[in-house]
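Contents: one structure, followed by commentary.
Letters A, B and C name the chains as they come in the text, with residue numbers starting at 1 for each one.
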């Protein structure tokens, strides 16, 4: 049993973070080296020289064309992780190679597969198409979290906390008071949590970005695809508005809030967040407003979850939480994650 | 066996620290939430929401009248720890409650009982009446100590260290050179250590506050009531002066030095100190002098004990100290504390 | 089995660091107190009072003539570690003494023997005579390293890293590309690694200090005497120059680079370095240049090794390195150190 699900795809970075330059990020406890090759693809290999474990991302390591030269003794690797030069001898040991990680760039993310590469199937990577859809405008970021990834999963699966932790930003009384519907699709590996508020106060996050006045219909439809991808389909419209029978929904505003929840270590997490909207396309003022506000909201979560991690670190063993209806989605997520960890 | 005595009263705060506001302090490893209710009494309950363990003292948690609302999901508790509201449902789970700590406000301190509340007997709280007696003027403070509470007990039971660590403040050669008398009352749970110096140098701490010139009679009579309360009855008078047969002692100055030694964690301690005098009553200059000087002396101890805690952390297992006559009181205190821990 | 070789001599300090003043340094996990006595010899005893473990180097501890008085309760020790005074009584317990460490001042270093003093044989201390030889001018220093001592041994036994980590200072392409000769003398406890570059680029470190122009003969002859002393006999001369049959070598410049590798704790090390040259004797400009440049080079190693220590702390158990020809000396050193640890 592993502390994280193995044989799974995780978001390691935004594609925009990786240029023709050495880049490192730790995913599931494994430091990974990335660079974008001359042909535009992204490499992924252990960030640790096979010789004396020096990080290949650490100066004086450097990228020379599409080879990385270790800054300690000069072991040199190509973009596939194969060692092509060692100091003091011409023979290169057969075992001198870094096993590459399967890597896929999709929906603005760089996904890596942590586990046995033979089990990697790119078709199983969950999708977040809005982030690269020209019909949407997206703002995004990543905040480091000093808390285990499970605390972020808990947080995102139960949005009733918006009312308390994010009051004045995205929380209103109706979020906490409206019951949820939860559905678990074990085969597809999807947990769905829905909360439809038909007559709710409009929080500043949406009133200022959409221009809507007065009370609203506000729908929150969550889909979590453990372990990494979380999407919140947020629908905001005038009270009484509903999508049409043909699936179109011209009276409402739609925001796709996407999180990628990537364990860094057992007690730290990469908290990737993106907000894609189907209105005010390309409007930089709205983009700046949403980027700043969503980052503020994410940082409110970060502060709270970092506190919880410290509480866990000092509490007596066997401490038991109390759960209620709002936790149905979060508890389902914990069970699914626990099963994935057991198989690992 | 516990690392601290359970089923005991501990000083958590001065009453003056707690207003109608959320206040938290960790006692014996347990984070405790306090506030002063509208009716003036002090509450004490675990500082951890039963739902997802969010600290109730942590913003955006807040006090609304005499209820505390959790800043994460809005669980709401009354001053007795009973949960009175949860989000998304009207039914409140029967087990949703925080078990209050027995709490008593006495002699300027807020005492809490750590252990099984059924065993709490307020009559067993040791007294320090001088701190609220109009016949005395008191200065006080609290310093955080990064050392286990036992090191502070050792320190206070053996005042020979005044000569070395507090030279120029309260130490003179006679303190270290004068033998002590020790008495242990197992039934009452009191350890007494006395040192009567009949012809001693007067340290600045007493010469400046009393105005005494030349050599003095200086008596130190310690009573330690494990685990928490320590009192030093300090008598300073002209050489040759003694109390009268009727118990009055008009020729001497009396200072009651009170410490409350409260474990915060296994290796940190709340070091409460108070100095009550029966002379220069209300004299603010004397109060300021004694407050500043006693705090300096306490901080000299803090520096030394923090160093000892680091020494212990790195020393080999089974390291043995060497004890001599001056340690009789400290060793008796260790034995009494060890018995209290064994029962816990 | 110990994490470091016991019953061995270690460099604790330069003699110049120790005056008639309390000085402390931790060697192999043991805090040691030093001072230079009135007669000029160096003491060495545990830096921990037998009474309540207060460090004797910590204020308000102080040196009075050739006795150290503990700053906590006044226990007083002579330069041989014998307790000569305790507070509150005239009888001094028989066991109140600090066991002195065997100590020898030699070749500018203060050596201490860590282990059973009965096994200490000063004749076994390895020599670095150049550091006090008037035919040489020496610059030296010590850098604290947040890495285990074995990483520094690895580093110094394989100088091919000069090409990469110290390029522009002492590294040139020839260092990494020239093969080495390794010899292990088990009886004498010496590992030798030689690299003779007969036609090499002259790095700034040597061109600026010697004035040599163009390409050079550059010889590196390492002798490592585990656990502590490492010497690099560096010979720089015109291409084609060789020592004469009588052992003299007037055409070349000689630099004796000496390291003392002293474990402080399991994961920290005292990195003593000295550079002795047989040219530009007494030339302060050359001394300043070599001191600054060698310190820069040492700090480049410190940064790299501190990174490696962090890598080791987080890597999975059982991680295997890959070794090649250049590692022959380092692997021999590891084997010899492992045997010394097993005996400990």
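The criterion applied here is as follows: a contact is a pair of C-beta atoms (placed from the backbone, for glycine too) under 8 Å apart; a residue touches a chain by one contact, two chains touch by 3 or more.
Here the structure is a predicted model, which is why all the values come from computation and not from measurement.
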Subject >> Copy-to-copy rotation for chain B and chain C - C-alpha atoms, rounded to a multiple of 5° >> reply: 120
Subject >> Equivalent interface positions on chain A and chain C, same or different at half >> reply: different
Original post:
When the C-alpha atoms of chain A and chain C are each averaged to a single point, how far apart are the two points in Å?
Top reply: 48
**OP:** Provide the list of chain C residues touching at least two other chains, using ranges where the numbers run on.
**Re:** none
**OP:** Could you pull out which chain A residues touch chain C in their complex?
**Re:** 29, 31, 48, 50-55, 58, 60, 69-74, 86-89, 93, 95-96, 265
Subject >> Residue numbers on chain C that touch chain A, as the complex places them >> reply: 154, 158, 160-161, 163-165, 167, 176-180, 304, 307-308, 311-312, 314-315, 319, 321-327
